[in-house]
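There are two complexes below, and they share chain A, which is joined by chain B in the first and by chain C in the second.
Up next, the complex of A and B:
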């Protein structure tokens, strides 16, 4: 059930109505029922995957939680009898028990994700190697369909499990409450990847009808639909035309493709998250923000702090930190410091961990070399920036440009251009085509197509370009205003007629300018496929 | 404390670590800094900081970090 379908709108409206009409004790079962229904709509067999994850993670969480409680009670009871070393040994012993539970559950759940998502990718690479080695036989592929949202809900469940292991959250004892956390439908298919400590604060609480929250939530959904239907889906046709035929669309077309895709991705993904957060807000549930005006970033490092925040912080907290602070990495640090000196020795382990993180980030996005190379290119740029930091510092000390508006704009423009180039790795069918398209920017000089009317043959008419320009300016304006606080609150303080014109205008814009018509099927959100 | 301040100043000479209380919240220390910092602390103090200790409240100020190190030293 796509967020952009009439079925979803009817589903959400019906849920909201029941949610506030039924007694508050029914809200939790209702949300769980709605989430299961939403998941069943994608295909009944897929629900087994999410049930498996929820059940195994819930059970393991409970076991680890009880172990923690038991250990704490034992230490409290024997506080006087045990010495410092004995207490430490006991704590370590119990921690090993919890670690075994954690490891077993991680293997099971990451294993399921790996099998359904990467088996055929692995086989395709193996076939490639066999062919290169001169073997004629090829391994057959498996008919494995990717269960909806598996990358998101697996990561969310794994994050919870590690938090319980670390003792930063208490284990959830209720299996149905935990299933609701894993399957909460507004964020099921494209995130954000919520933390149990954050989401559980409002997910399980009963909610009285709050007109302001409901109206703010619906307004946010409307804004999300505007971005998705008016901007992202309108650009889709042109992007698909350009990336669909790399031989015909080179040079300037490739640049246009990069720019269009970067705008489309922003409008699509942030629009989808607006719908998610807005719907949750209308239900009285707080889902953490996933973006912080990413295209205003002055460096790629800053961009990754502001784009898809929940995924980046997941990789940081559950992969980068554990890997960087692991015993093996500490030994490696000692070794590199001893043999390569303090400066290099300190940085090398960080770079190794970052490599693993960016390789995994690429792989998480999709079972394709495009994504892996995309991840590693991000890694290369980030590490190069890190190494060039002293040079930047010298430059900024020599020329007092830092903080000046024109220089900030230059930095923002440079970062945006870089993101445009990196993003295009998502688009083309193969890595070879991507490289060909980027290479053509330097070898094919067809810049005339930018003004000779050729762009009107990409599936977009003049009116479409007008609507897109208006949409982009509106997104830019909203982002600029957001820097000093909530736009909806600001609008909410205006007189009734101003609010009416603004929100009704936006509604009409979605209705009249949304990229649909007879026979049109709103496209899937880009992040659904991850 | 002075030893810890020296490590921090070595990483970011431009920051006043004695007064700054939002090292994480204000993005002064990023994840790479934190890992380098942990490596330095392991070298200079007899403690092991693990991933579960990497919380903003432990890294937002030099004082908070010092308290974390003291706590880990006590736990042995």
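Up next, the complex of A and C:
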């Protein structure tokens, strides 16, 4: 059920109505029922995957939680009898038990994700290697369909499990409550990857009808639909035309493709998250923000703190930190410091951990070398920036440009251009095509196509460019205003008729300028496929 | 509190009003170029006491002239047809017509048997949008929708035509609140001629059987006419293409025999009707022009009087007066088109 389908709008409207009409004790079962229904709409068999994840993670969480309680109770009971070393040994012993539970459950769930998402990628690479080795015959691929949102709900469930293991959240005892956490439908297909500690605070609480919250939520959804339907889906035709035929669209076209795709990706993904957060807000549930005006970032490092925040923080908290503080890495650090000197030895383990994180980030986005190279290129730029930091510091010490508007704009522009180039790696069908397209920017000099009317042959008419320009300026304006607080609250303080005109105007813009219905292919949100 | 209610009601009125206005503005008016989309809606402006109803696709609305049937035989007829009107749409348009009147005879052109399912969303729109809302229209929509179409788009056509604002014409404003008549009792007039030359023969088909869904709706049409005690006549208009295969003809003949229905294949009645494919078609044999349509109508009128007992109603004062007006518009359009196409009529 696409967020942009009539079915979804009817589904959400019906749910909201029932949610506030039924007694509050029915809200949780209703949400769970709605989430299951939403998932079933994608194909009945896929619900087994999410049920498997929810059940195994819930069970393991409960076991670990009880183990933690048992250990605490034991230590409390034997506080006087046990010595310091005995207590430590007991704690370690219990932690090992929990770690075994954690490892088993992680293997199961990451295993399922790996099998359904990466088996054919693995086989394709193996076939490549076999061919290179001169072997004839190819391994057959499996007809594995990717269950909807598996990357998102698996990561969300795994995050919960690690939190329980670490004792940062208490295990959820109710299986249905936990299933609701994993399957909460607004965020099921493209995130954000919520933390149990955050989402559970409002997910399980009963909610009285709050007109302000509901209207703010609906306003946010409307804004999301504007970004998705008016901007992102309008750009889709041009992006598909350019990346669909790398031989025909080179040089300036490739640059246009990069720019269009970066705008499309932003409007699509943030639009989808707006719908998610807005619907959750209308239901009284707080879902954490996933973006913080990422294209205003002055460096790639800053960009990754502001883009897809929930995914980045997941990799940081559940992969980078555990890896970089692991015993193996500590031993490696000791080794490198001893053999390569203090300066290099201290950095190398961080770089190794970061490499693993960015390789995984790329792989998480898709089973393709495009994504892996995209992840590693991000890694390379980030590490290079890190290495060049002393040079920047010297430059800034010599020239007092930092903080000046033009310099900030230059930094923002530079980062945006960099992101445009990096993003295009997840757009072309193959890595070879991506490299060919980027290479053509330097070898094919067809810059005249930018103004000779050729851009009107990409599936966009002059009017479409007008709408896109207006849409981009509106998104830019909203982002600028957002820096000093919520736009909706600001509008909310205006007189009634001003508010009415603004929101109804936005509704009409979506209605009349949205790329939907006959003549437009209903496009799923880009991040759905991850 | 009272102020809040007033504000809410006023806002709702503004929303409903602007959306209704926008919808009216954006839906195609079908007054220039492709006018076929306007035919179905024109029926509702009629005084509904017809003796004869035609249902079918372009092979009825371009091939038979109700004006001639009135002038020569006193038969009050109407054509409920639109472009590529599928058999299920013809059935529901007939069911819809029976909500208002009981004609003595229904003539159905069986060309659409070849399509068991809808082929084009655009044709669906032309056949269905003009229907007045009723349970019959809802059934017609559900029977017609192709994959990717939504009932909601029919209920609120603004959702379908939301991007038409970039293609609006002055006629969209001119005919915002009223429609311009474009047919003559459902007949689409063309006076120009283009001889039928090099008519393509049909390519062999893998399967010549009509689809189950098409038969289902023909059965329903037969049952409906039996229930309403209306004589159903099946016809095949004399269009040279799309090619009418002998295998199709056999199936229809067999069906008509089994059901005891009269069946007239005008492709085989060229001599009787006097159709001359050099002068009586405006698009090389696909559709009749005025000359061809009038010839067919004269022959059919005679046949109907002889075989179905339709009587001459020219003596009815009110009806004659209504037809007087229609005939004058019909003649005016003839003159306009003769002039437009530069055709000497000798009158």
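Everything that follows uses one rule, which is that the second predicted complex is superposed on the first by the 527 of 530 C-alpha atoms of A that agree within 3 Å, B and C clash if a C-alpha of one lies under 4 Å from a C-alpha of the other, contacts with A are read in each partner's own complex, and residues count from 1 in each chain.
Everything that follows uses one rule, which is that a residue touches a chain if its C-beta (ideal position, glycine included) is under 8 Å from a C-beta of that chain, and two chains touch if they have at least 3 such contacts.
Everything quoted here is computed from the prediction, not taken from an experiment.
Participant: Chain A superposed: clash or fit between chain B and chain C?
Facilitator: Verdict on chain A: chain B and chain C fit.
Participant: Tell me which partner A:43 touches in the superposition: chain B (first), chain C (second), both or neither.
Facilitator: neither
Participant: Is the number of chain A residues in contact higher for chain B or for chain C?
Facilitator: B
Participant: I'd like to know which partner A:321 touches here: chain B for first, chain C for second, both or neither.
Facilitator: first
Participant: After superposition on the shared chain, which partner residues are touched by A:347: those of chain B (first), chain C (second), both, or neither?
Facilitator: Once the two structures are laid over each other on A, A:347 reaches chain B alone.
Participant: Tell me the contact category for A:166 with respect to chain B and chain C: first, second, both or neither.
Facilitator: first
Participant: Between chain B and chain C, whom does A:6 touch in the aligned arrangement: first, second, both, or neither?
Facilitator: second
Participant: Just to be sure I read the superposition right, which of the two partners does A:504 touch: chain B = first, chain C = second, or both, or neither?
Facilitator: In the superposed model, A:504 contacts chain C only, not chain B.
Participant: Where does A:305 make contact in the superposed view: on chain B (first), on chain C (second), on both, or on neither?
Facilitator: Touch status of A:305: first partner only.
Participant: If we overlay the two complexes on their shared chain A, which of chain B and chain C does A:496 touch? Say first, second, both or neither.
Facilitator: The answer is second: A:496 touches chain C but not chain B.
Participant: After superposing the two complexes on chain A, what is the shortest C-alpha distance between chain B and chain C, in Å?
Facilitator: Minimum C-alpha separation, chain B to chain C: 43 Å.
Participant: Name, in rising order, each residue of chain A that touches chain B in their complex.
Facilitator: Contact set of chain A toward chain B: 84-85, 88, 166-168, 301-302, 305, 316-317, 320-322, 324-325, 330, 333, 337, 346-347, 349-350, 353-354, 386.
Participant: Which of the residues in chain A end up touching chain C in this complex?
Facilitator: Listed in rising order, the residues of chain A that touch chain C are 6, 461, 463, 496, 500, 504, 508, 511-514, 516-519, 522.
Participant: Which stretch or stretches of chain C touch chain A in the complex?
Facilitator: 7, 11, 14-15, 18, 22, 121, 148-150, 152-153, 158-160, 162-163, 165-166
Participant: Taking the complex as given, what residues does chain B use to touch chain A?
Facilitator: By the definition above, chain B touches chain A via 27, 30-32, 34-36, 38-40, 42-43, 48-52, 54-55, 75-76.
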